[in-house]
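Chain IDs A, B and C follow the sequence of writing; residue 1 opens each chain.
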Amino acid sequence: MKEEIFVSGRHIPNIDPYLHIWHWQIPVYLFLGGLAAGILFFAALYTILGKEKEMPTTVKWATFLVPVALVLGLFALFLDLKHQLFFWRLYTTVRIESPMSWGAWVLMLITPLSMVWVATYIKELIPNWDWKFEILKKFEKLAIEYRTSMAWVLLILSVILGIYTGILLSAFNARPLWNTSILGPLFLVSGMSTGAATIMWMSKDHFERTLMSKIDLILIGIELFFIVHLFMGFMASSEVQIQAADLFLGGQFTVSFWVFVVLLGLVFPAVLEILELRGYKIPVAIPAFLILFGGLMFRFIMVEAGQITRYLY
Amino acid sequence: MRYAMAIDTKKCVGCSDCVVACQTENNVPHGYCRDWVVEAMDGSYPNLELEIRSERCNHCDNSPCVRCCPTGASHYEAGGIVTVTHNECIGCGACIESCPYDARYSHPDGYVDKCTFCMHRVVKGEKPACVSVCPTNCMYFGDLDDPSSDVSKALKNRKYKTLAPEAGTKPHIFYLT
Amino acid sequence: MKTRRDFIKISALGTAGAALTAGAFSSVNAASLFSMKETKPLDDSEFVRTPTYCEVCFWKCAGWTYTTKQGDIAKILGNEDDLHCNGRLCPRGTGGVGMYNDKDRLKTPLIRVKKENGKSVFREASWDEALALVAAKMTEIGEKYGPESMALFNHGSSGHHMGHLLKAFGSSNIVAPSYAQCRGPREVGFAATFGAGVGSPEPTDIRDTKCMVLIGSHIGENMHNGQVQEMAQAIDKGACIITIDPRYSTAASKSKFWLPIKPSTDLALLLAWIHVIIYDELYDKKYVEQFGYGFDQLKEHVKNMTPEWAYGITTIKPDVIRKTAREMGNAAPSVIVHPGRHATWYGDDTQRSRAIAILNGLLGSWGRRGGFYFKESLPLPHYPTPHYPKPRWSWKETLNGKYPLAGLAISNTLIEASIPAEDNKHEIKGWIVSGTNLPLTMPDKTTLNKAMDALEFMVVVDTMPMEITGYADVVLPECTYLERYDDIRSEPHRTPSIAIRVPAVAPKYDSKPAWWIAKKLGDKLNLGHYFPWNDYEEVIDWQLQELGTSLEEMKVIGVKKFDRASGALFLRDGEPYEFATNTGKIEFYSTELAALGFDPMPKFTQHPEPPSGFYRLIYGRAPMHTFSRTANNKNLTDLMDENKVWVNPKVANIWGLKNDQEVWLENQDGVVSTFPIKVRVTERIRWDSIYMVHGFGHSNKRLKTAFGKGSSDSELITEVMVDPIMGGTGMRGNFVTFLTEDPGKEIES
């Protein structure tokens, strides 16, 4: 029998017996960040491709959600901090080796930029909108002129935002469940998929909806492919990764992951979307909601399970 | 100059004096600890073996906690001691997630705290509180680059190991076995 | 059964408008948004340093109390010059700050009052009123029965002051449970052999030994500082440790040989070793020739006590017995067969200690380097006080001829003497209890409760609201050792030394030092002339001046060593030496025991074994606690806040027990544990026994941290085997079984 125990009574809150230092705030932020990244990606992409007319929701209306999502996400992050008075320290330095530092700066750039993007379309939502100040009116004109350049910047930043949420977790080699390079791309694709689902949900245009639906299907396919690879990778790694994977293959997260994330969040909406494309009438809210739900659940499960996995003992 | 610690598991009796001394020296709040003692037993009665280890932050050379800190609060001091500047720490918890040894914790005052090798004593030429109090004298501390220091002498003649070397952190607490 | 002296459970104080004393606000743990305070460790120069010696256990390590300029005690460190600790305190000493900071401390004197509904509560009182009551009651008992009917139960420094008072009052019935419940048998066993007891600190030259044999001693979990320090030094030097223990203790894990002996059979092993050492001629021939008496009788006595014979009893294989005996023989005379410390096991403990002493005598370790040295302490000058009155009787008379070799008072007999009975001609009517928590210390709670109920008066002097305070008529709050002066410490060691205790801060709340309590009581009892000083500081200063130093000097150095005056540390080769026995030699055949009709050489007797479904209750220590004394100390409960019951996996399998499962224990007499205890399934304990650390299971609600944590082993010790030679209470003959369902026992005393 092997017995390895603390004899000095160690029982630090949130660290023993299992690490649980990040609570709901982090998965909520990751979800909102991914969602914002997805929406911005498509908005930027279709602006660059010159398809603003065919894809109004993509390029305009969905992006109104982005500043809200980002601000809410940032607020959730702020709530997670335990030394909140000093949060401004994040912006006094750029630490290349710290994904969290990248994230802080990317958000610093993308949030105002997305607000500017939204500001350029605000007159289309509220016709009587008045900027009141001359300088703002001038700025609006400038922004609309440079919309394509903004789109390029947003395209790159949104990819960075989407992928960094995964790299943030995968950089922690102390948490075997996260320490896989597939996590970055997986989170990016998941974010894009939730973005596409939102656009699909919001869109009133049949063409746009169908296109987004098809794109979403491809993204779901890629996501499923990544998930399979994720687990293949774990099972072929060392013992700590095998034990991490066991949490999902018979352990406490098996049902919640495979049912809520894979089945309900990916496979079932994909089936519904295929049926819709084949001509059956499916209210778009159902697959869209399920994809969003699946994305949120995925992040909750990954954050919680990842903290449980560990190296020693 | 590279500070390190060597702990003789053959002499350690697991009394946890190192834990209390650290607590009184560094005002560690009740319910938290910067160092702790582990007993690892193997075998079946009566063929048993026991290893007792006093563990703490390993002040690694390749610390993931320093790497991942977004504000630079977690940093290296002279001699390789890893510390946290309290008023630069935002309490994001990334360093806690990144430590394979679970050496860090979130102090109730908001910042992240851990063993500092009693830097305030080391700079004056004293040893950390845990090393100074250990009744079995099983802890050695000093400059690894100095061949006449306690820790260098301890490592010269004995077999030793580190914890989870496969984590790639290059820890600097050596356990004499 | 409601008795007159029912245990006052509720922390409710009487309705006399008393102020709330238990102001326990739990520390604020939430991150404070707006606080920028940083708790940086202070530089040592920011502290005020006061010398003291520790009172958490009885090793009395000298140290320094570090107090901040604001008057808070921050930490306690060891005194580098102290022989007991060499500058390193043990975890309990380091955690002594917790004793000072404990919010559950006794804060004011309390007097028991009976309410109309028959229940008793405590009401707060002033010192004057409380002391007046104590004095009145003591005088009453003195007049009715004689001053000898007052007894003092004590453990710790306060005993000296309360004892001085009691002796001035006219009674010499002063007892410490550490004799009959702990060290007594080995004192008598060694005295019968070498003419000298072992004492404390033990004069074991562990740091230079080549082989140390631990029989049921668990140095490492038993955290007596000097012993642990020297054992580590011995390990460094490559000494061989042989541990005999049914449990894989920490010491066992560091041993070259661990003999997992069947419990209660140690005497057989010892006798077999004596056989091998004699018949294989492994003993120190010159030493035995020069100093031994009765060798031939011993040789004849152990003729048939072969390792094969012992194997059948102890389950230790014969070749292991021979191998370990040879190991001891090769190391002789630098070998220590450790006398142990808590020796009260099965009632034949004096004889077992005799066997250990004989073994040491054969190996030639007594008075030799690496064995036992001749210790010396500095005699302290007595501050001139009047002579004590001569009591008409003492605890010796209460024995009615039993336990003839008891050198100190026996707590269990004094407790029995407190119960009125036909043949009880010397009744104890009143108790002063200071520094000992009798309900968790004494086995056989039934007798203890009967005695406490029969008493006319009990006053308890303590720092914490321990269980004993619930039975008192008056509770007097003593301040901790960090807040008071006490006697100069002068303990025997390789070199005589003294250490002083100086208060670092003023007593907290309304607590007072024991010397003040004794003096004020003395005043009220018209014994003021026995306390011809105003502050104990004067006494200490006078004593130090007589010794050639001063309070000023001692405040700076803390510890002072003196030269030996009694002779060499070890026996000198060829030189004669007179042992203080009847024959002047090391008595392998004890003339003292023979004269009293006891076995002059130890014999093995079989002890009862656990019935089916029951397991032997083995208890011990943890290095971070001192029995029940520290169970409320937050610095130490951070390390260990409850005990667990060690269960062998085979046994756990049979009972379906899982790790951390809560069980209740029921012993062979049907006594059930008050609180549940968590299971620790471990290979480290033998399948016929279970193990738990002593000192948990507190039932006094006023101990907010300790209440209900873990379970008490002493309440399950109802079968007591009394040693006929000196009255020690053998406590390892109790067996328990598991109850997995809550038996619903009421939390009483």
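The criterion applied here is as follows: a residue touches a chain if its C-beta (ideal position, glycine included) is under 8 Å from a C-beta of that chain, and two chains touch if they have at least 3 such contacts.
Model, not experiment: these values are computed from the prediction.
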Between B-C and A-C, more C-beta pairs in contact link B-C
By Cα-centroid distance to the whole-protein Cα centroid, the innermost chain is B
Distance from the CA centroid of subunit B to that of subunit C, rounded to the nearest Å? 35
Centre to centre, by mean C-alpha position, how many angstrom separate subunit A and subunit C? 64
Two or more partner chains touched - positions in subunit A: 1, 3, 7-9, 13, 82-85
Note: subunit B residues in touch with at least two other chains are 14, 16, 19, 31, 33, 41, 43-44, 52, 87, 91, 106, 109-110
When you check subunit C against every other chain, which residues touch at least two of them? 29, 31, 36, 624, 638-639, 649, 682-683
Complex interface listing, subunit B residues touching subunit C: 10-11, 13-17, 19-21, 23-27, 29-31, 33, 41, 43-46, 48-50, 52, 86-87, 91, 106, 108-110, 118, 120, 124, 132-138
Enumerate the contact residues on subunit B facing subunit A in the complex. 14, 16, 19, 31-33, 35-44, 52, 64, 67-73, 87-94, 96-102, 105-106, 109-111, 163-164, 166-168
Spell out the residues on subunit A that touch subunit C in their complex, using ranges where they run on. 1, 3, 7-9, 13, 82-85
Subunit A-touching residues of subunit C, taken from the complex the two chains share: 29, 31, 33-34, 36, 624, 637-641, 649, 682-683
Contact residues on subunit A for subunit B in the complex? 1-16, 19, 21-22, 80-87, 89-90, 92-93, 95, 97-101, 103-104, 171-175, 238, 307, 310-313
